[in-house]
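Below, chain A partners chain B and then partners chain C, in two separate complexes.
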Partner chain A sequence: MNNTASVVIIGGGISGCSIAYNLALKGVKDVIVIEKEYLTSGSTGRCGAGVRMQWGTELNCRLAKYSIEFYEKANEVLQYDGDIEFKQGGYLIVASTEKEDTQFKKNIALQNSLGIPSVYLSPKEAKEIIPHMDETKIISATFCPKDGHLNPFLATQAYADAAVRLGVKFMKYTTVTGIKVENGKVTGVQTNKGFISTPVVVNAAGGQSKLIGGMVDVDIPVYAERHQILVTEPVNPIQNPMFMSFSLNIYCQQTPHGSFIMGRGDANEPRDLRVTSSWHFLEEMAQSCCELLPLLKDLRVVRQWAGLYCMSPDRQPIYGKADQVEGFYMATGYSGHGFMFGPVTGVVMAETILGEKPSLPIDKLGLDRFEKDELLFEPSVV
Partner chain B sequence: MRIEEHPILSFDKGRRVDFIFDGKTYEGYEGEPIAAALHAAGIMVLGHSHNKQRPRGFYCAIGNCSSCLMVVNGQPNVRVCTEKLQENMIVETQVGKGDLR
Partner chain C sequence: MLEKTGVATEQDLAKAIPTKERLAKGPVAIIECFQRIPCNPCYTSCKRGAIKEFEDINDTPEINFEICNGCGVCVSNCPGLAIVVVDESYSNEEALVKIPYEFLPLPVEGSFVTGLDREGKPVCRAKVMKVLNTKAMDRTPLITLAVPKELSMTVRFMKHHDIYSDNTFICRCEELTLGELRELIRKGYNTIDEIRRISRAGMGPCQGRTCRQLIMQELAAATGKKMSEMPISTFRPPVKPIKLGTIAGGERGE
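And then the complex of A and B:
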């Protein structure tokens, strides 16, 4: 193994691979990505794979828009010999409470001001987009045709393949056990396969990122929340967009393969790192789905799984460096949306590490924002 | 072809009933798997593979393999190896992955 690196990235999900690719693209040599298992084995490979521009804070909107515009051309830019299966079927987000309806009107105004082509719809108009929904359960809806989904395994592989061509090394099935700090500066990473000297460590460890922060005594105010997903047998395409409700805690999408995937989390669960499946989820998810999308009641469930949302206090990512430890950077706290932010994460983190001006104003997303008490909360999370 | 005798299992035949497969009327025994009635009528192709549309026949016989998914009384993705035959059932060859209706 290499025992020196210019940058060590911890985490082989979409974020780690995208950061590695962008660093290498800017000419950084000796970048190493350390992954505890296989690429996408954490939250990336367990996610719902949807991508949307319909957010409630300006920065989340801009991060998502940047990323989706990248995914539109990712096959070509990354010179991927496969297909990341990006399909822009839109997101239909429904409001079932007055509070949500009011929020959605604000969201649409914000999104439109940023060039996001979302629209506000009546229940009848929403039903034209998803004919099998029960429109009597909703007050209004918003729709953005540019939203969609793609294959998280292939998208990550596309980044990883491109990074390898640019000289990035991947160490899979390798566990970080410690980070060495001398005189307030990062000097290396200890793994179960040896020590790597490096002046820069990037924490892209998703649900495990709090543990990685603890290795250098940086308290990252995030916690892991288990979210679960089920997948059904496939049927011929009937639902083009993602169907989503924040208050009813559901998102439901038909994949290109024909299967439906749907998921939710339970904020009251213990905040540990479990990724086991539960029968509560299966019952509750199926019930919500059948109430809102009754046609799906005859579909059989094929399997279910779970993954971790890395929740930040304001439901926006944490990007940038840690002031306490020189050379320690983090890209975490996505609150369930790390996959869709993958492209922009790579760009702004590479720029930050190299001391360049970031393409988007991520200085507002630093770790120091939580000390200032001037948080802008993202209201639209499921 | 039906199993008439078995060392440990008994096959109690139901009454003879009519059912419709792809528009034609066939006979089977009530309560037997739909696939058994089709097989006895000489119908061996129960489904098709998704990518190359190759014919798929009777395979696992226990509802696991998805080789025999058919449309039964309008419902897609019915495993005919485990679904029991009833009088006047309408059984159809499934095209593609089936339509939810």
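And then the complex of A and C:
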């Protein structure tokens, strides 16, 4: 194995691979990505893989817009020999409470001001977009045709393949057991396959990122929360956009492959890094789905699984360096939208590590915002 | 060279092969036994007395082709599987070659197999004319193959056609072929979880009931690892596909 690196990235999900690719693209040599299992084995490979520009804060809108515009051209830019299966069927986000409806009107104004082509719809107009939905359960909806879905395994692989061509080394099935710090500076990473000296470590470990922070005594105020998803058998295309509701607690989309993927949040989910499945989820998910999208009741569920949301106090990512330890960087705390932010994560993290001015103003997303109590609460999260 | 390669030389064979005239008359045993070992069941099993009595049990057999009628009893009695019966009178184009075959599965009469030469190289397509497997043969069945006449002195064994090809489906739900699977393994996806995620194999309605084992076998063959030492993929609920409406409580069984 290589025993020296200029940058070691911990985590082989979309964030780690995107950061590695962007560093190598900027000419950084000897970048190593360490992955405990295989690429996408953590949250990336378990996510719903929807991507949307419809957010409630300016920064999230901009981060998402940047990423989606990258995904639109990712096959070409990354010179991928496969297809990341990006389908822009839009997101139809429905409101079922007055409070939500008011928020959506604000969101649309914000989104439109940033060039996001979202529109406000009546229940009847919403039903034209998803005819099999029960429009009597909603007050209004918003729709953005640029939102969509892509294959998280292939998108990550596209980044990884491009990174490998630029000289990045990937160490799969390798576990980080410690990070060496001398005189307040990172000097290396200890793994179960040996020690790697490096001045820079990037924590892109998703649900495990708090553990990684603990290795250098940096307290990252995140926790891993289990979220569950199910997938049905594939059928002919009947639903173009993602159907989503924050108040009714559901997201449900048909992938280009034909299967329906749906999930929901639950405040009672365990926070102990468990990724087991529960019957409870299956029952509640099926009930929500049958109530709101009754046509889907005859679809068979073939599989359910779980992944970890890495929740931050304000449901926003944590980007940047740790002030206490020189050379320790974080890209974590996505609170369920790390996959869709993958492209922008790679760009802004590579810029930050190289001391350049980030393309987007991520200075507000640093770890120090929690000490200063300058949280940027995101209202629109499932 | 027989001692080194296990393959009879032309000089060896010259002594063992009957004349063209005898071959044209009908079935005859050809004993390709060239090493002196203490062994004589060919002689003891031949009821016609075509195989000469051994003076020394280490002698190699001597056969009188004019007495031999190609009955084949010696073929299944030879522990060394060194005897075949060749019948060049079968037809103008084809000859019959009767071989001992101790592998399972036995070929099916009427099916086609691959004819192999003495080195085990495939040389022709051969039709299985007869499969004889009586108790007296003591688990050395005789397979009669129809082969091109010019190969009657070449074909000495058979193998089944390869059951799999690159186009064989490994995952029937998601339509992953063996060729595609091998390409993924070649690219470095060397655990079943990686293959599942990149190809969707095993992710369909049957949840890998067929392909899980097949992918594992292929991975084991490619990596040289034992299947028992390889990580297996996760079994996820609900195991059997269930309708959303049923889970939601809208439908009940008896």
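Basically, the second predicted complex is superposed on the first by the 382 of 382 C-alpha atoms of A that agree within 3 Å, B and C clash if a C-alpha of one lies under 4 Å from a C-alpha of the other, contacts with A are read in each partner's own complex, and residues count from 1 in each chain.
One rule holds in what follows: a residue touches a chain if its C-beta (ideal position, glycine included) is under 8 Å from a C-beta of that chain, and two chains touch if they have at least 3 such contacts.
Just so it is clear, the model here is predicted, and its values are computed rather than measured.
Shared-chain residue A:258: touches chain B; no touch with chain C.
In the superposition on chain A, A:300 makes contact with both chain B and chain C.
Applying the stated contact rule after C-alpha superposition, one finds that A:292 touches neither chain B nor chain C.
Of the two partner chains, both chain B and chain C are touched by A:233.
Of the two partner chains, chain C is the only one touched by A:38; chain B is not.
In the superposed pair of complexes, A:157 makes contact with chain C only, with no contact to chain B. Chain A is touched at more residues by one of its partners, and among chain B and chain C that partner is C. Of the residues of chain A, those at positions 233-234, 296, 298-300 touch chain B in one of the two structures and chain C in the other.
For chain C in complex with chain A, the touching residues are 191, 193-194, 197-198, 200, 203-205, 207, 234, 236-238, 241-245, 247-250. On the chain B side of its complex with chain A, the touching residues are 50, 66, 75-77, 96-100. Interface residues of chain A, counted against chain B in their complex, comprise 132, 233-236, 238, 258, 295-296, 298-300.
On chain A, the positions that touch chain C within their shared complex are 37-41, 45, 153-154, 157, 231-234, 257, 277, 279, 282-283, 286-287, 289-291, 296-305.
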